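Here come two complexes built around chain A, the first alongside chain B, the second alongside chain C.
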Partner chain A sequence: MSNLGIFDQTSQLLHKVLDLRQQNQQVIASNIANGNTPGYTAARFEFAEALSAAVGRNDGKMAATHARHFPLSQNNLDQVSGRVLRTPDQSGVGDGNNVSVDQEMLNMAENQLLYEAAAQMLSKKLGLLKYVAQDGR
Partner chain B sequence: MKDITLLTHLQGLGTPPARPAAAASGPGFGEILADTITKVNAAQIHADRQVEELHSGQAKNLHEVMISMEQADISLRLMVQMRNKVSEAYHEVMRMQV
Partner chain C sequence: MDLFNSLRISSSALQAQRLRMDTISSNLANMETTRTPEGGPYQKKSVVFRPVGTSFEERLDRSLRGAVQGVRVDRILADTSEPKLVYDPSHPDADETGYVAMPNINLMDEMVDMKSASRAYEANVTVVKASKRMALKALEIGR
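Coming up: the complex of A and B.
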């Protein structure tokens, strides 16, 4: 974002959340699209922990005790990227495809809800800044 | 018995009897303003914190986050309008003929 210094960390966080939720949407969509592909393993997109580490609220997690220790996680919001996890089907039944379309639809609904919430929150925060910048008019 | 001569009446009309300066009870305007600004800031910080918690998966209550954002929004708007009033009053006094 801008370097004017008026956009706080929360705006940047919301910006990042929108990026990540969009990627999550693509992962879920590809799971649904491959719902009938034999041998396909459903993918999960995880970013919550990286995000929480980047905003410095990793309560109870490992902490660096010295300034020159290697960082245990990315501490910069710009560098946060989610990771795609795949856990192959271990049941040995069926064609090796472990996509549950119902579960994916549920994940998609949740993702969509939180995307819209993040969009609304960012819009509200920026609207407030705009309001102040215009002297309350 | 009060004597009702012209002189006492004139004296009564003159400078009002000096009252002891009313002891300032309660906080002054400046303190109230500072307190309000602190509270508005706290509301903003609280809302930001809740947004962070929601999006990093530590909280699942969307409604509370939206409510605190709305409260932060309204309190900031109120503060901006108070600032506008103060600034308007200052300009009014500045334009006043003496």
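Coming up: the complex of A and C.
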């Protein structure tokens, strides 16, 4: 995909964002689903820092100097996978479940909006390509 | 598309909360039941939830392994605490001293539990709506 000039860095970044936000939605969904499960520890999906670091790092990419070298990734964007964090409940009150449903709902609303924003940006981007491909008609 | 996974997780939660609501309504309906097939008064039932991975694929996924879990009802527990003794000599199940063994069900506990189940259900419905909207938005890309 990255060899095609029209699918540039922006498209790739948006693609990655959609992917990560979709995974985040899964994590939030399972937190809310387990809101009443004794002993369940809420999970956080973190990717924002890794993603912005990968975007910033892009100018210093490595190049393969021989045709038979292992392929080096064009940029580090592909390698951003996010990580799951869990902080067990240490309050000692209740049943060991530390899901806060209000917090999860807020996270979900934010995640949803940003997903839709990324989807719309990708849509606009493709619309622009279409406009150009149709000779501006 | 893995947004379907979110939908599956939420649907497992909806199912579990509905079963919880079923047990609560059974408890409320049987508040005065003194005769059961097992003998003695009705025993309060409560559900025990347990997280469960939703599919093989997602267990295989390195970054999300173990993080993405649905929920299911592990078992339905019967409360074995002592029945409540109520003085009512006219009751057909009263013993020789005039006391009847009534189910040990607290109305307030059940109402609070019911509210909690209903709110949890609503929260999961909201998640379903959000996941669905996201999936539809993804379908609109490039349209």
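Everything that follows uses one rule, which is that the second predicted complex is superposed on the first by the 117 of 137 C-alpha atoms of A that agree within 3 Å, B and C clash if a C-alpha of one lies under 4 Å from a C-alpha of the other, contacts with A are read in each partner's own complex, and residues count from 1 in each chain.
In the analysis below, a contact is a pair of C-beta atoms (placed from the backbone, for glycine too) under 8 Å apart; a residue touches a chain by one contact, two chains touch by 3 or more.
Nothing here was measured: the structure is a model prediction, and the numbers come from that model.
Enquirer: Between chain B and chain C, positioned on chain A by superposition, is the outcome a clash or a fit?
Expert: fit
Enquirer: Just chain B (first), just chain C (second), both, or neither: which does A:L13 touch?
Expert: first
Enquirer: Chain A residues in contact: does chain B have more, or chain C?
Expert: Touching more of chain A: C.
Enquirer: Once chain A of both complexes is superposed, is A:D135 in touch with chain B (first), chain C (second), both, or neither?
Expert: Touch partner of A:D135: chain B, not chain C.
Enquirer: Touch test for A:L114: chain B only (first), chain C only (second), both, or neither?
Expert: first
Enquirer: Using the superposition on chain A described above, determine whether A:N36 touches chain B (first), chain C (second), both, or neither.
Expert: second
Enquirer: After the superposition, what is the least C-alpha distance between chain B and chain C in whole angstrom?
Expert: 15
Enquirer: Touching chain B and also chain C: which chain A residues?
Expert: Common to the two interfaces on chain A: residues 120.
Enquirer: What part of chain A is in contact with chain C in the complex they form?
Expert: 18, 21-23, 25-30, 32-38, 40, 43, 45, 81-84, 86, 101, 104-105, 108-109, 112, 115-116, 119-120, 122-123, 126-127
Enquirer: Tell me, which parts of chain B touch chain A in their complex?
Expert: Those in contact with chain A are residues 48, 51-58, 62, 65-66, 69, 72-73, 76-77, 80-81, 83-84.
Enquirer: Quick one: in the complex, what on chain A touches chain B?
Expert: These residues of chain A touch chain B: 8-10, 13-14, 17, 48-49, 51-52, 55, 57, 113-114, 117-118, 120-121, 124-125, 128, 131-132, 135-136.
Enquirer: Across the complex, what residues on chain C touch chain A?
Expert: Interface residues on the chain C side: 1-3, 5-6, 9-10, 12-13, 16-17, 20, 48-51, 58, 62-64, 66-71, 116-117, 119-120, 123-124, 126-127, 130-131, 133-134, 137-138, 140-143.
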